[in-house]
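The structures come next, written out as structure tokens.
What follows is subunit A paired twice: with subunit B in the first complex and subunit C in the second.
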Partner chain A sequence: MTFIASFLSMFRGRKLAIVGLIWLCIVAFAAIAAPLLAPFDPLEIDPVARLSEPGMPYLFGTDHFGRDSFSRAIYGARMAVIIGLGSVVVALITGGLIGMLSAYFTRLGHVLMRGVDVLMAFPALLLALVLMTLLERSVTNTIIVIGVVYATTTARILFGMTLKLKGEVFVDAAICSGAGHGSVLFRHILPNLISPLLVQASFIFAFAQLQAAALDFLGLGLPPEVASWGNMLSEERIYVTRAPWLLIFPGALIILSVFSMNLVGDAMRDSIDPRFKDDIAGV
Partner chain B sequence: MALLEVSNLEIAVATGGQLLPVVRGVSFEVKANETFGIVGESGCGKSLTSLAIMGLLEGSQVRITGGSIHFDGRELTALSAEDRRAIMGAQMAMIFQEPMTSLNPVYRIGDQIVETLRQHRDMSRRQARDRAVELLDLVRIPEPGRRIDSFPHQMSGGQRQRVMIAMAMACDPKLLIADEPTTALDVTVQKEVLDLMADLQSRMGTAIVLISHDLGVIAETCDKVAVMYRGKIAESAATGELFSNMCHPYTRGLLNSIPVVDRDVEWLEAIPGRVPTIDEVLSGCAFHPRCAMAEARCESEDPDKRDVATGHTIRCHFAEVGSA
Partner chain C sequence: MLVYTIKRLLALIPTLLAASILVFLFIHLIPGDPAAILLGDTATPEEVAALTREMGLDEPIWKQYLLWLGNVLQGDLGTSVFFREPVLKVIGSGAETSILLATMTMVWIVLFGIPIGIVSATKHGTWVDQVTSGGAMLFASIPTFWLGLYLILIFAVGLGWFPSSGFPSVSDDGGWTNLRYLILPSLTLAAPNAALIIRLVRASMLDVAREDHVRTARAKGLHPAKVAIKHIFRNALIAVAAAFGFTFAALVSEAVVTETVFSLPGIGRLVVQSILRRDYPVIQGVILVIVVLYMVINLLVDLAYARLDPRVSLK
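Coming up: the complex of A and B.
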């Protein structure tokens, strides 16, 4: 309870962030309850009703196969959450481990962090594109690739913070009481990194959405049959003049979700890091 | 047989491809139930000596380049990491200068004591917690049963230092190293903490190495004292002997620079100059540029250690001359 209370207190006086949080709750609910909410099967084809306008029974209209856009958008929300959470887990675990181990074991760090530097030299999307062309298009591979791309920034951030924590007296005190490397790293240092990790997670979640949508749009992300917002954009882009709603709805969903996640992330970061306070009062 | 025997300890800092010596040939022994004080200005190598004993230099740019540290029949410099971990916390423990940062801010203090206990003792969670409450009571934390669930930030500096002492004493160590344990505390709390350490020592027979730059603290608590200057022990003696018969001009300088309450002093006598930086190469006695008694010989010849009385050693060519 105290955790939820302190989480909610981060949003005090931030109206936009609260709107963002509400929107994310809606997306999360849609993701969980997709089979109950969607009026049609996202893959079901109604050839007679191809490219029909938004209305009843097709709320968001239908695409060029005659699939219900609304149902696909709801299943797309599920895919967005899966990709987001998956990428966060991959990025935090790999990036976190690399960053912490590099800072703690200096020599290993020289090697690992140079590798991270090399990866960071590539723009995120380019790196994701290169990795995706080497792999088969699948949900898992998309998650891994996006996770790896954002593992680099996570590694950098945790490297710096671990380096700082390593010099704290309580770490020496722990060593003095007989703690081994593993215990020092994971029991004494890691718990002090939870707040920055949470903030980092919120931003990775947001960027993963954009990255996944971009990969889908370029035809290198999820397999084409998977209902995702990026795939919806990609498949229907040639109908932009005949049926613009097919692009407007998924596009708006992507924008709203990423924007909301960033607002929530900003609110979290500001309440954890006092240096950012009052810079953008009221937002 | 002494519990801790440090002999000819050499420590150097690696910078820019060269090794700069910071501790040179330090030797001393500490017996059980004895308090050994090390005094000196900042940068004289006293903290490094204590870190070397605790094995905390590993992985940094500072390393032990020579000498031996013998503890309870074992050579610490040759110990494997695993064997060392078994000793740390169980047989030797350390208290640090900064009580504000030496406890992990994200854990309740009880958990930190429990962890130390369970690391070395075969104890259940319940037993360890009961023992932790006992320990907190021992270091005179009021309401230990309730305070055990406090976070470090909910306690004052003096209380945190007591929690540190409780953690250090958790497994009844044979040796306790206290690196300026009272420097960050105000004088009344300082007295309480020192009394507490003395009290625990008399109960458990722990040997204490007390590092301080405060001669008052040393005079009050230690059985033997070593005065360090620029990585060497300048003078070493039993506390009574040292304070009644100060020989080394540096030791006298340190004492003269302390204001005396019952005497009206216009001008405090400071030691002129400053501690030389570690990369300055000095010939002869390291103290000669600041020494009032320095003569030509001091510039060229580094004084050897010699006895002036039983158990009273100094490194100075002319010590007795000015002692009258």
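Coming up: the complex of A and C.
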């Protein structure tokens, strides 16, 4: 309860971030309850009703296969959450471990962080593209690829923070009282990294949406039959002049979700870093 | 400064070598015989056998790497499966478009990003700041290709002000007026990056504004605009300059998408098409060129940074 209360207190006085948080809750709800909310099967083809305008019974219209865009958008929310959370988990666990271990064990750090430097020499989407050429198009591979790309930045950030914490008195105290390496790292240092990790997670979640959409657009992301917002845009883009609504709804959903996540991340970062606290009062 | 430059140059070598190993291994990570992969599906067994000998594929892998590296250093990046031309030549043919696109994009970023960032910082806390900061974040949240598609729909299809796709070389008919083909793509590419610069200019100006020398400047009664530009912005520029290396990486990534949306014959679209065509020598070549370019740019940015802020090179 106290955790939720302190989480919510980060948003005090930031109306837009609260709206963002509410929108993200709606997306999360749609993701969980997709089968109950979607009026049609997202894969069901109705050739007679292809490219129908938004209205009843097709709220967002239908695509060029006659599939219901509204149902696909709801299942797309599920895919957005899966891709976002998956990438966050991959990036934070691999990047976090590399960063923390590198800062704690200096010699190992020399090797690992040079490796991170090398990976960071590849622009993000390019690295993702190269990895995708080696792998098959699938949900898991997309998550792994995006996660690996953001693991590098996470490793850098956590490396710096762990290095700082390592010099603190409470870490010395823990070592003096006989705590092992594992205990110092995960019971004494890690709890102090939770807030920055949360901020990092929110930004990775946001960027992962844009990366996944870009990969879908280039035909190198999720398999084409998967109902994702990126695939909806990618598949229907040639019909943009005939059926502009097909791009407006999924596009708006991506923008709203990424924007909300950025607002939430910003609010969290500002409340953690007091330098920014009184700066951006409203936004 | 000279010592610092040499130090940075030497530090670049191991990273470059490691990156080159990764790029080299790329071909070997693809399942199948590298020689067959490099020659494509139409290759005869004799051709495969010949390339196997030429690349030294029967030799140990470190020897193959040295052989490859030797070729690369002499400018031989292999032959494109699709074009049947040297990879370097194929990449070169996309260079004009990509360089012009990047230059134009940079112009927009500086033109929009810096002034809006300054306004946002000086009006900090007011509605002006809230609109610009919020707007910048919104623009950073738009998928590049979606923005591109709508710019085409509105300004090319709807209003007919600009061409919707393609880019004839400036040496073709039309000369420099052909740059109008790049206006929509460069704006698309600039939007998320200008948004980033706005936020950065704003944040670093607010940081500098807290320093003592600014208080002194204000205390001696200087005009607020003069304080903002001469005392705050000039110092904040250091942090902004440092971000341009990062902007390059973002530009490369988004150029891949933008060039595809606008069907521009640049290097970004070449990567995507090569991936779809399984033209692995070209993919490998482009990645190598971009990684080297990225490292050189980062080095230049770091050197500029050290020059702007002497505290860095003294450390």
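One rule holds in what follows: the second predicted complex is superposed on the first by the 283 of 283 C-alpha atoms of A that agree within 3 Å, B and C clash if a C-alpha of one lies under 4 Å from a C-alpha of the other, contacts with A are read in each partner's own complex, and residues count from 1 in each chain.
By our rule, contacts are C-beta pairs under 8 Å (C-beta built on N, C-alpha and C of every residue); 3 or more make two chains touch, one makes a residue touch a chain.
Keep in mind that this is a model prediction, so the values were computed, not measured.
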Check: Just from the overlay, do subunit B and subunit C fit on subunit A, or is there a clash?
Finding: fit
Notebook entry, point to check: So, A:Leu125: does it touch subunit B (first), subunit C (second), both, or neither?
Noted result: second
Notebook entry, point to check: In the superposed arrangement, does A:Glu168 touch subunit B (first), subunit C (second), both or neither?
Noted result: first
Notebook entry, point to check: Touch check for A:Thr106: first (subunit B), second (subunit C), both, or neither?
Noted result: first
Note to self: Between subunit B and subunit C, whom does A:Cys25 touch in the aligned arrangement: first, second, both, or neither?
What the structure shows: neither
Next item on the list: Name the contact category of A:Gly178: first (subunit B only), second (subunit C only), both, or neither.
Entry: first
Notebook entry, point to check: Between the C-alpha centres of subunit B and subunit C, what angle is found at the C-alpha centre of subunit A, to the nearest 10 degrees?
Noted result: 90
Margin query: For A:Ala214 in the superposed arrangement: first (subunit B), second (subunit C), both or neither?
Written below: second
Note to self: Between subunit B and subunit C, which one contacts more residues of subunit A in the superposed model?
What the structure shows: C
Notebook entry, point to check: Of the partners subunit B and subunit C, which touch A:Pro191 in the superposed model: first, second, both, neither?
Noted result: first
Notebook entry, point to check: Just how close are subunit B and subunit C at their nearest CA atoms in the overlay, in Å?
Noted result: 14
Check: Which of the residues in subunit A end up touching subunit B in this complex?
Finding: 106, 168-170, 172-180, 183, 187-188, 191-192, 194
Margin query: With touch defined as at the start, can you tell me which subunit B residues reach subunit A in the complex?
Written below: 54-56, 59, 81, 85-90, 93-94, 96-98, 101-107, 115-116, 119-120, 164, 167-168, 170
Next item on the list: State the interface residues of subunit A toward subunit C in the complex, per the touch definition above.
Entry: 16, 114-115, 117-118, 121-126, 129-130, 132-134, 206, 210, 213-214, 217-220, 230, 233, 237, 240-241, 244, 247, 251, 254-255, 258-259, 262-263, 266, 275-276, 279-283
Margin query: Quick check: in the complex, which residue numbers of subunit C touch subunit A?
Written below: 14-15, 18-19, 22, 26, 29-30, 124-125, 129-130, 133-134, 137-138, 140-146, 149-150, 153, 157, 203, 206-207, 248-250, 252-254, 256-257, 260, 271-272, 275-276, 283, 287, 290-291, 294-295
